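The structures considered in this document are given below.
Below are two complexes that have chain A in common, paired first with chain B and then with chain C.
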Partner chain A sequence: MIHMKIRDAACRGCRFCVDICPTDALSFDEATQKAVVETVEDCIGCLSCGFICPSGAIRHEGHHVVKNFYRNLYFSRRMEKFL
Partner chain B sequence: MSDEKIRLNTDWLCDCGGCHVALVDLHEKILQVLDSVEIQHCPVLTDVKDYPPARIGILTGSVRTEHDRHAALVMREKCEIIIAFGTCAVYGGLHGAGLAHSREEIMEHVYRRSPTTKTDTIPDAEVSELAKMVTPIDEVIDVDLYLPGCPPHPHFIFESLASLIEGREPRVTQDSVCGRCKRQMIKGDAREIRNTLDEVPDERFCFLSQGHICLGSATLDRCLAPCPNHGIACTGCAGPTMQILTEPYLDIRTEVSDRMARLTAIDEDIIKTYMEKTAKTQYAYAMATKMIGNKPTFLIKKWIADVEGQINE
Partner chain C sequence: MEELHAIRKRRRSLQEVMNFMAALSAGIEPILGRGANSMTMSAGRKLGRQFSENAVKTDDLLTAIGEVRKVLEDNHCLWGFEPFKPKAQDALVTLNHKGEQQMYIVYRDCMIRQSLFRFGHPQKGSLCIMMTGFFDGALENIMGKKAKLDILHAGENGCLKLLTVAA
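So, the complex of A and B:
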């Protein structure tokens, strides 16, 4: 089961995630000018919204992680050391 | 926690000294730090010339001279944990842009042809020689922790020092600067790229929506976003976000131009070309590191040659 969370404080209301989602799992709340998760059941875990989000406000949990066939190994080795 | 204080060494290499000032900017909180930390070698606070053994070593700045290399090696030897502190230490920083020019060009411009001074001698005594390139410190010594930021906001400095001392995970996010910015990202109708000389952007709305280049969405938040919240577009001083560093097809200019094109009526390729022409500005803080410099999409030498070719024609 996929869980998706949008942190309201970080959402800038750009609607990129709403526009890019292939399954319309997200919608836009006009009153608060923030994106909201509408039907998380529809989420296919493509992570498009997470990558397009300018503030990194969208977090997914429980999705199937596809192994990337190219990674910047030089950096990936250092990544866990970042404070 | 034991009664014995944790010993801390800090040293600056090639940098502006701002990171050390940021340490002092902890204000009253520095008293809390001093409860459990004993500061030994620290150029802005103490007069200790040698490097006593320590548990934590903070290094700011990148390696540009023989002195820098020596200090980095000695610090590694004497300290158990080395923190690369600030953007210069992590990514090479602003002077990393020196990569675009040779050492001779830089010396010549600074000491011979400087438009604001009248000296005509290149110094050869007292100062150690300029190395060929700017090197982030992790290419010289092993680094245990990285804390980018120019300088890192005291909020993050305190959090990281406190977590180290208490032996817990730091509570930090990997949000971008946009995550802390108060401006609303609306779809605007800007048709061309503008800058602050053309107009004062509306403070309620995102810079990108108004056709101004802002690197906030491609920059890690280690600053609490003071610039965009006070009318100045983000220049990317804390270095790129994690997704830019790890994903080979993402780059600062592709990330920003993609988002800006979605928010304005400007074509994505126009923004991308503009950012390539101004690459020394857009990539100023991070170009010296291999994490950016080795990206297949990063062609700074070609972009600069293109621009200079046009100027000379």
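So, the complex of A and C:
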């Protein structure tokens, strides 16, 4: 079960998270001019909202973490010349 | 210790192959433009059909999805995906205005995310299209109907896709 939390004090009301959420799990509260979690059940854990938030106000818990099967700086450097 | 060494060696080899694939993909996209997607889609579809040759045939979409998962696992592709039902929606599978079955699918892991994403490889590129092609090909073989998987959202930690199966 994914838990999502928006820190009210940090939210600037830019609506970036609301716009980027593919499942409309977030909405915008006009009264407080802040983003709120509308339906946490609809959160797919893509973390786009957390990444786009300029003030880092959104936190997720209990989401799936992608397994990068190989972590090695040597290969990271080698990839740079390709991409 | 030797076993760990062997695993690391295999991982290095696989990463090298993925590097090559990414380089190929990054190379063809500027030249072929949207044609690159058609090419990789076709290749993925063909692969999906081949891999699912011995899969159990079914008309039921959810059973077919399970079969695709089995095909992927049998071929050591550990791409975690699951059907997704928005809270406001009554059922997992819905019908669109053309009578086609539709279902949302959330992808947690895939070959791009597992090996290339952290190197800055762009999402929704020709390799992603190849993966959707693989899924389409396998599902078409299992259900005997045209299937299409569209990428609705490519997120940092997961992708939302819409599967449409012809009536």
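As a convention for this text, the second predicted complex is superposed on the first by the 67 of 83 C-alpha atoms of A that agree within 3 Å, B and C clash if a C-alpha of one lies under 4 Å from a C-alpha of the other, contacts with A are read in each partner's own complex, and residues count from 1 in each chain.
Quick note on the criterion: a contact is a pair of C-beta atoms (placed from the backbone, for glycine too) under 8 Å apart; a residue touches a chain by one contact, two chains touch by 3 or more.
Worth saying up front: this structure is predicted, and the values here are computed from it rather than measured.
In the superposed pair of complexes, A:T23 makes contact with chain C only, with no contact to chain B. By the touch criterion defined above, A:Q33 reaches chain B but does not reach chain C.
By the document's definition of touching, both partners, chain B and chain C, reach A:F51. With both structures placed on the common chain, the touch criterion links A:G13 to chain B but leaves chain C unconnected.
Overlap of the chain B and chain C interfaces on chain A comprises residues 51, 70-72, 75-76, 78-79, 82-83. By the touch rule above, chain A contacts chain B in their complex via residues 7, 9-10, 12-16, 19, 33, 51-52, 54-57, 70-72, 74-76, 78-79, 81-83. Considering their complex, residues 83, 138, 143-148, 156, 159-160, 163, 170, 172-181, 183-187, 206, 216-217, 241-243, 245-248, 250, 258-259, 262-263, 290-291, 294-295 of chain B touch chain A.
By the touch criterion given at the top, residues 11-12, 14-15, 19, 22-23, 26, 80, 84, 86-88, 106, 108-109, 113-121, 152-153, 155-160 of chain C touch chain A in their complex. Of all the residues in chain A, the ones that touch chain C in their complex are 22-23, 39, 41-42, 44-48, 50-51, 63-72, 75-76, 78-80, 82-83.
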